[in-house]
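I've put the structures underneath this note.
In the two assemblies presented below, chain A is common to both, partnered first by chain B and then by chain C.
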Partner chain A sequence: MDDLPEKKDPKRKPKSGMSRRNFLKISGVSAVAPFAAPLIAATSVLEVEAQAATGMQGPGKVPVTLNVNGKNLNAQLEPRVTLLDALRDQFELTGAKRVCDRGTCGACTVHLDGKAVYSCSVLAIDAQGHQITTIESLSQDGKLHPLQQAFVDNDAQQCGFCTPGFVMACKAFLDHHPNPTMEQIKHGVSGNFCRCGTYAGIRAALMQAAKTAKGA
Partner chain B sequence: MIPTQFEYVAAKSLDEALSLLGKHKDDAKLLAGGHSLIPAMKLRLAQPQVLIDISRIKDLSYIREEKGQVRIGSMTTHYQIESSDLLRRICPLLPETATHLGDVQVRNKGTIGGSLAHSDPAADWPAAVLALDAEIVVAGPKGERAIKADKFFVDLLTTALEQGEILREVRFNTPQGTVGQSYVKVRHPASGFAVVGVAVNLSVNGGKCQSAGVGITGVAPKAYRASGVEKALQGNALDAKTLSVAAAHASDGVDANTDLFASGEYRRHLAEVYTRRALGTAVSRAK
Partner chain C sequence: MADNERDYSWPAPEKRSLIGKRLNRVDGPLKAAGKAKYTYDVHPPGMLFGKGVRSPYAHAKVASIDTSAAEKMPGVKAIHIIQGPGSEIQWAGDYVVEVAAVDEPTARDAVRAIKVEYQPLPHFLDDFTEPKNLPEDNGPLSPRDIFNMLDDDDPESTKRAVSAIQQRGIKFQVTPQLVERMKSNEVPEEVIKALQSAPMKEEQKTDSPYQKEAETVKGDPDAAFKQAEVISEGVYGCPVITHCCMESHGSIAEWTDDNHLMVHISTQNISASAPQYFQALSIPAGNVHIHQDHIGGGFGSKFGVDRWDIAAANASKKAGGKPVRHMLERDAELEMAGSRPSFYGRVKVGAKKDGTLVAWESHTWGTGGPGSAGAPQVPYVVNVPAIRRQYVNVRTHTGPARAWRAPSHPQACLITMGALEDLAAKLQMDPVDFLLKNIELTGTRANVYSEELKIASELMGWKQKWRPRGQNGSGPVKRGLGVSIHTWGGRGHSSDCALTLHPDSSVDIKMGTQDLGTGTRTAILMVAADSLGIPMEQIQLNIGDNQYPPSGPSGGSTTIGGVSASTRRASVDALHALFEKIAPALGAQPGDLEAANGKIQVKGNPAKSMSWKNACARLGAQPIQVVGKNPGPGNLIDSGVGGAMMADVSVDTETGIVKMNKMVCVQDCGLVISMKTAESQCYGAMIMGIASTLYEEKIMDPQTGRMVNPTMDFYRLAGIGDVGDLVVHMMTGKGYDERGPIGLGEPPTVSPMASISNAVANAIGVRVPFMPITPDRVLAALNQGANHAAV
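Presenting the complex of A and B:
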């Protein structure tokens, strides 16, 4: 047994000492890969906006500051990097999923100034100066957001891969339609696909979340 | 899929965008909402060396009515049009068209100018601006010019925009008197684009059609004005028979698209049926 110490250690690291995500960072994305947690800067939104509006940037890496879930996050990015790839590969916010990568499926949905957008079709550099909200901000102190709880209660997911995008699309919809009808729901969250076909559960979850919000 | 490398610049004004476009010419592409361009760049169908972002130019985002004309800035988003109280009151065709366009994520970011300049054969806006007999105002190095909508769409993904020009505004006369409008479409179940989309703008006087604008998208390589339908309505009582006779002209002289989803013949059939429905709805709304 003594010759298998690694099996006993639940915190053991991969032998290379490097996770797949960190490997991706060094190989493709950055020579000065930020191994540390995302840097939090004190740059104001106005400064960011001014920065974004001065002259040509790229094609190599340029400093980009994104306001994500109320924090300013900095990275060195090429202008061609989408908001989705920046969130996932630079800031470890992997809730938004990369599926169709062409603005059809909705798995990458995040909020830009409170409105649902496809983060795969927005350039990170163009998202500067906007308030970006991701699925990671919804639960507070380990407690699910009522909408997330409603998804659980109504079996509104099967494989779960589309769920973060769906929750964000539903959240934006509810914020704008606190008293939705079923017709409004069908139209208002039509930008997301679920290949497991959990639409009925998602619609029921939306109705429940709307009721919870009214009761609260 | 990742686009080829490019330089990015966010223009602060229309003048700055025009001068950047004049400098970089064919190497540059204008970025508006990005929902057609960025996917095209990922597929490397578009490989601009310079991307000029005009979506932040505040002077290009507005909806207003002045001197009997409605003016909409090119960087106005679909959502802004969909939710405009002014347009719901004076030209409900536009909010109705926006409602049918893409999905909520697309409408939040995409712009009317970006869509028109892209001239996708299945886009929704071209039908509406054709029905409204709108003018597309473009700014260029030599100043501005206004292009009638039916001259603006030239061919598949091709418009009358020339090198160095930027689509600045859509404008049209405020619909007056008794007006009936509607937009109906056969929505492609996956993409949300129009397999066939018909926009109707009728002016009615004493039960008779005073003027008619009918724009059809999705059927042909470019959206077109169905002048055969319009002529068949002009001056006639708007009863069911007139509408049926008129709708039969929906794809007159048009080379209909065939693709995996719908044959040209089926598109022609849909064009007639949906034109009849759009006309019927517009007439019922003309009060």
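Presenting the complex of A and C:
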């Protein structure tokens, strides 16, 4: 199992009891494409149903506090608002992008307690109490993180719309695989899609970033 | 010196400080940091969220619309009817009513609260079944019909065309512009005369979805087939696919006063978007401000201002001018914001035993939705001496086609190269040898293709790896190789470059162009800095706004030639003005000076020089302002490129799964300005092509008339693990550089389907006729055992 991505935390219990991803699973429409999907551990249907019996919120707006990049941010949000939409439309953190809006393409990837998640598939109210890290915090004082620099050096981006999500997915992958093989890379960041076709650059960027990290 | 004598030509290889180098893209850091702002990221204060009611029917009349419940909802600020009662809907998902609300959930609820009654009409979606036994079309001719009838090599074709024009009449106006265009395309004088006196006729209205185009005949195909010693017949094709831009289509429209509209829009067409608002809203184009910093993909689908953009502007007006953002959700994006036409064909092709091609016959058809599918021209690139071809356009109730990287070429290439590979297999010839045997049929670029095929063969290890069809191992996993060649025009579009040299030594450039991620910003700065002899960082580049001098839309690989040429001319003109100012101080004539390494120096005597800073300081209070244009003086650009592609695949004959091992792309694009971003275009083209070969299909449900897979889990793109090893080789140096930059966005996207599907056929011994090559289709082809699939 070493080469599998640790993308979704199976132990994380959604507070509202029903994340969008789980909802999709229950309704049986989340038949992910067989050859590209990263293996994402599933919360069992029974577990979700048990959680759903408690702690209902909404449907009106409720106060929400999110810890984003080390700061507490407050907003009034309907419980159905996703973490992605909260970040983008409430807090102007527009690095994470809305593309597929149903947990397939990875353009919305952020970190929740250090693990990569699809922020389109996490409700904002569920993200409370967790450390949320977005692409905006990765570069410090105008200096790119070595992984971001590796993206630039290897031209791992064209239009760049998928890039922030890819960088965050790659960051989480490298945190867990400091010495990645090419095979691990092919599986480990397969939860993100790029339409311009920058995968050759992304592979090279991951290799460069791993090397830089070792040298540092 | 008069302007037309000034030397604008590209610097000689030894004089190039930046052009052709492998530099990082200039907006790379901003994008990697997540700080690049796209249209979807723009969020002006007070912005409303636009959403639309969309038709569930593929073909229907709007009967009634009741917005009363939505109007009463708190937070709903505007409701605008886009297509009122009586309107006829032509594809599922089309917008009927626009809503703008304070937040997105409210807008969603309001859309649900609007009641639209439809009167459903029968729809037609089947583009796959071969249109057979269609009656001869004797109706008036279209321009393309006439083009189809003409054959440069056959004087009889002129007579046939003239007689057809006189008998059938025409269905278009013969404008002076059209005559000009025909003359430049060498349409014979007799034909133009016949057109000018031809009767204009109304097309008979028909319920048939099929439009049969005039047949093209070149040479004597019947006689040629009799002479052929080997004939191969087959069917080939690819379905409609979508653009699937990561950033969906859409805009933010805001009336800043009663007469002025501010628009942020995701577009490939900054400079020509405002007039489209004029057409829809009667607002003077000069009062529409268009802006875009970055675009999340276009691929040919973002030239127009769309129905939803106009709806957002109308909703903004109703909401007192507040900005309204309408970005498409993914399902709308996939259903109707762009698709590539399908193309299917039954082909017969014949050759002599030594591989000499003699005859081609094809019956092809495809759909581009309610309009035209563009009629891809086959045979592609390889101009077989005797040809008969027939094309039928199939009109369907699906979202309309838009330009998709290299319109018509990938489809034409698939069918041509597939048929040629099958013929080569029947001749028991290596397909590379077969192409080389017939390479003169490619015309003026025969030498380019020969050179490219040689390089690609080496990079692929073709000679060592290639095995004849069906001899690719005894185990269940078969390995195969495929090859294809392609072309594209790519002449630079019109472009104005406003360049200012300031007395403080800074330089700024303003251009109404856009960077699709192709590296346009990087290329402009490389040209300007190389020409001015200063670092790129010293130049401030502003693009993406229609307040800047206009540049053409970024489509058809026309941007690099356009912006490079206008920037080069602006730089040379600005330098010339600077030289005139400082020549006396250096005791030289302006013509004796050159700019290099941050200095202005006397040619051949670099010791006599002045720093860039000091030279600019001599301008006093007056900056130098010039506008460089394309087209313009000097021969800076050209058109027409060649490329070769090879694919290496493994096919599991038990599961039907195709795995990409390796692809090689060898591409000519004239003078390469920015090597790194040019190579990225080729990598990206191969990857996009792998997806359209193995995964992509816009699947329509014949019962409901709706797209079955408008999500990214069911509309599959290639992932990072799906693409194998990728090798890119750009043709450079003598024979290429002196042509100047030629566009690159399209050409490498042409050959992937052809080369990969040929590799699959080589691996498993039978043709998988239709894209995408999914496991079920591989298994079906293996079961069938030969290429006689009944279409």
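One rule holds for everything that comes next: the second predicted complex is superposed on the first by the 160 of 216 C-alpha atoms of A that agree within 3 Å, B and C clash if a C-alpha of one lies under 4 Å from a C-alpha of the other, contacts with A are read in each partner's own complex, and residues count from 1 in each chain.
Everything that follows uses one rule, which is that contacts are C-beta pairs under 8 Å (C-beta built on N, C-alpha and C of every residue); 3 or more make two chains touch, one makes a residue touch a chain.
No experiment lies behind these values; they were computed from the predicted model shown.
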Quick one: is A:V189 in contact with chain B, with chain C, with both, or with neither? Answer first, second, both or neither.
both
Report for A:R102: first if it touches chain B alone, second if chain C alone, otherwise both or neither.
both
Looking at the overlay, what does A:A213 touch: chain B (first), chain C (second), both, or neither?
neither
Taking the superposition as given, does A:L138 touch the first partner, chain B, the second, chain C, both, or neither?
second
For A:V152, is the partner it touches chain B (first), chain C (second), both, or none of the two (neither)?
second
By residue count, is chain A touched more by chain B or by chain C?
C
Once the structures are superposed on A, label A:K115 by its partner contacts, choosing first (chain B), second (chain C), both or neither.
first
Who does A:A172 touch here: chain B (first), chain C (second), both, or neither?
first
Contacts for A:E78 in the overlay, against chain B (first) and chain C (second): which applies, first, second, both or neither?
both
Considering each complex separately, which residues of chain A are in contact with chain B in the first and with chain C in the second?
78, 80, 101-102, 104, 187, 189-190
Tell me, which parts of chain C touch chain A in their complex?
24-25, 27-29, 31-38, 40-41, 43, 103-105, 244-248, 294-297, 299, 329-330, 516-519, 657, 676-677, 679-680, 683-688, 695, 711-714, 716-723, 726
Contacts from chain B onto chain A in the complex sit at residues 1-10, 12, 31, 34-35, 38-39, 41-43, 49-51, 53, 55-56, 79, 99, 102-106, 108-109, 190-192
The answer for chain A against chain C in the complex is residues 30-33, 35-36, 78, 80-81, 85, 88-89, 92, 94-102, 104-105, 107, 134-136, 138-139, 144, 148-149, 151-153, 155, 157-164, 167, 185-187, 189-190, 192-203
Which residues of chain A touch chain B once you look at their complex with the stated criterion?
52-53, 55-60, 78-80, 82, 101-104, 106, 109, 112, 115-118, 121-123, 125-126, 169, 172-173, 187-191
